[in-house]
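First chain A sits with chain B, and in the next complex the same chain sits with chain C.
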Partner chain A sequence: MKVCDIIEKLNLKVIGGEEGLQNEVTGGYTSDLLSDVMGNVDEGQIWITLQTHRNVMAVASLKEVAAVIIVKDLEADENTISQSNDEGIPLLSSSMEAYELSGELYQLLKG
Partner chain B sequence: MKRFKADLHMHTVLSPCGSLEMSPTVIVETALQRGLDIIGITDHNSTRQCAEVIKLGQEKGLTVLGGAEVTTKEEVHCLTFFENIEKLEAFQMYLDAHLPNIQNDVDKFGHQVWVDANEEILGQEERLLISGLDQSIDELEQKVRQLDGLFIPAHIFRPSFSIYSQLGFMPFDIKPDAIGMSARVNVDEMLGKHPELKKLTVLRSSDAHFPDQIGSHYSIVELAEASFDELRKALRKQDGRKVVELK
Partner chain C sequence: MEFSYEVEGGNFAKAGNAASGVKKVLKQLNVDPKVIKRIVVALYEGEVNVVAHAYKGKVLVDIDTSRIYIRIEDEGPGIPDIDLAMQVGYSTASAMVREMGFGAGMGLPNMKRNADAIEISSKVGEGTVVELTTKLTS
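Here is the complex of A and B:
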């Protein structure tokens, strides 16, 4: 499944990194500790978090994730958005909480 | 230039996790007994105990820097220090405006009172001080700069509440005056692994919550005199002032 399909199915907003909307998604990872994400997220996964700091996009790029989803409609920092555009990694947003969103994504990818 | 012992991270009775014994009198007396020259008062998200400790320090001949250990939105702990009471009060207004309105549960978290030199209670903070502010680390740094204070991310390699745990690495656009590393960290090894930190001054402190812990770790600094300005110069490695050893 591609990032753009997931955007449509989970009603996500695109905040940045449109260049990467065709990225193939292999799974998901939910965590707010960037140190943990650096150690455990796999390439091609969608990363779900409430962190909005610019370092999020640096970690996303380092680990080559398919996209990042910020939960609860939290507003991403401006330099996070610009880095998402620079890296071409989609930065998405959802009104759902991490629990709900992770469940929905799991169902979608499992199905 | 003279050498001074500085322990710049300790909690008082005001922090819910700080021992009720950590009164201004006990802190100042213990610090002096242990040969410290400079201490920093850094309660969680509050500066309200600082004035009493600073006043007592002046009477007893101990340099006391007032500040707070602030929890940012990312849950990173950062030490902040300010030069005088006016700036501390201005910073307190910022803390008051940005601390979430979650009430302290005294039974679960502990008391949050500030006291005078006679251990009389001067006030009580009702909001839970260990919550995170609704401010990012960048916004906090900006506020500290605006008040000409010192900005020092605390225990940066701790597995929780640290820059490295919460944000993965030192953000490129942050310009700390110094960084804190706890005593269990091998500083040379970590600077080897993280060359981006090599230009920064490293501080070690006790993070004391109990009187016994005051001065258990400290930094030795070379200054002309024990003052805020001189310490700022040492952290920025200016005019021959510097941190020379971590104990």
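Here is the complex of A and C:
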């Protein structure tokens, strides 16, 4: 499944990194601890988090995740958005909480 | 090939500059993407540690055909007990740093896991040197 399909199915907002909307998604990882994500997220996964600062995109880019979803309609910092555009890694947002969103994404990718 | 980066303590906006620079160079050298990922994960954690825990530092990179050597040195408080610092979950990060999602105490363990060899030396009140060496051929 592609990032753009997930955006449609889960009703996500695109905040940045449109270039990567065709990225193939292999799974997901939910965590707000950056070095936990550094150690455990796999390439091609969607990263779900409440963190909104720029280092999120640094980690996302080094690990080559498919996209980042910020939960609870939290607003991303300006430089987070610009780095997402520079890297071409989609930065998305959802009104859902991490628990709910992770469950929905899991169902979607499993089915 | 040798080059270096400056790292500013407290400046999280710039954390990751060295890691993304090294990533670009290794890509140009056609190093296996899996090997590149390990190297940049370790370097990123090292950079963030200088930003989060020290005052200022420097990243020195030396690449030859068979291996990459990275030396991350800083002026800072130093690490009193390196074995303790290496343990997963041990962190002295400030509340502000934790709020940003750092301070899980997983950075040094990640570095160890993602480098072929890691060497840490530190003097309390002076600073810390972390040396990472990784083979470029898998």
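Criterion: the second predicted complex is superposed on the first by the 111 of 111 C-alpha atoms of A that agree within 3 Å, B and C clash if a C-alpha of one lies under 4 Å from a C-alpha of the other, contacts with A are read in each partner's own complex, and residues count from 1 in each chain.
Following the convention adopted for this analysis, a residue touches a chain if its C-beta (ideal position, glycine included) is under 8 Å from a C-beta of that chain, and two chains touch if they have at least 3 such contacts.
Bear in mind that the values here come from a model prediction, so they are computed numbers and not experimental data.
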Will chain C clash with chain B on chain A after the two structures are superposed, or do they fit? clash
Decide which partner touches more residues of chain A, taking chain B and chain C as the two options. C
Between chain B (first) and chain C (second), which does A:Glu75 come into contact with in this model arrangement: first, second, both, or neither? neither
Just to be sure I read the superposition right, which of the two partners does A:Glu8 touch: chain B = first, chain C = second, or both, or neither? neither
With the two complexes superposed on chain A, say which partner A:Ala58 touches: chain B (first), chain C (second), both, or neither. both
For the superposed three-chain arrangement, which chain C stretch in 24-32, 60-68 or 96-104 runs into chain B? 96-104
Could you pull out which residues of chain A sit against chain B in one structure and against chain C in the other? 32-35, 38, 51, 53-55, 58-59, 79
For the complex, which residues does chain A have touching chain B? 32-35, 37-38, 51-55, 58-59, 77, 79
As the complex stands, chain C meets chain A at residues 12-13, 15-16, 19-20, 23, 37, 40-41, 44-45, 48, 100-102, 104, 106-107, 109-110, 113
In the complex, the residues of chain A that touch chain C are 32-36, 38-39, 43, 49, 51, 53-56, 58-59, 61-64, 79
Help me check something: in the complex, which residues belonging to chain B touch chain A? 74, 136-138, 159, 164-169, 171, 173
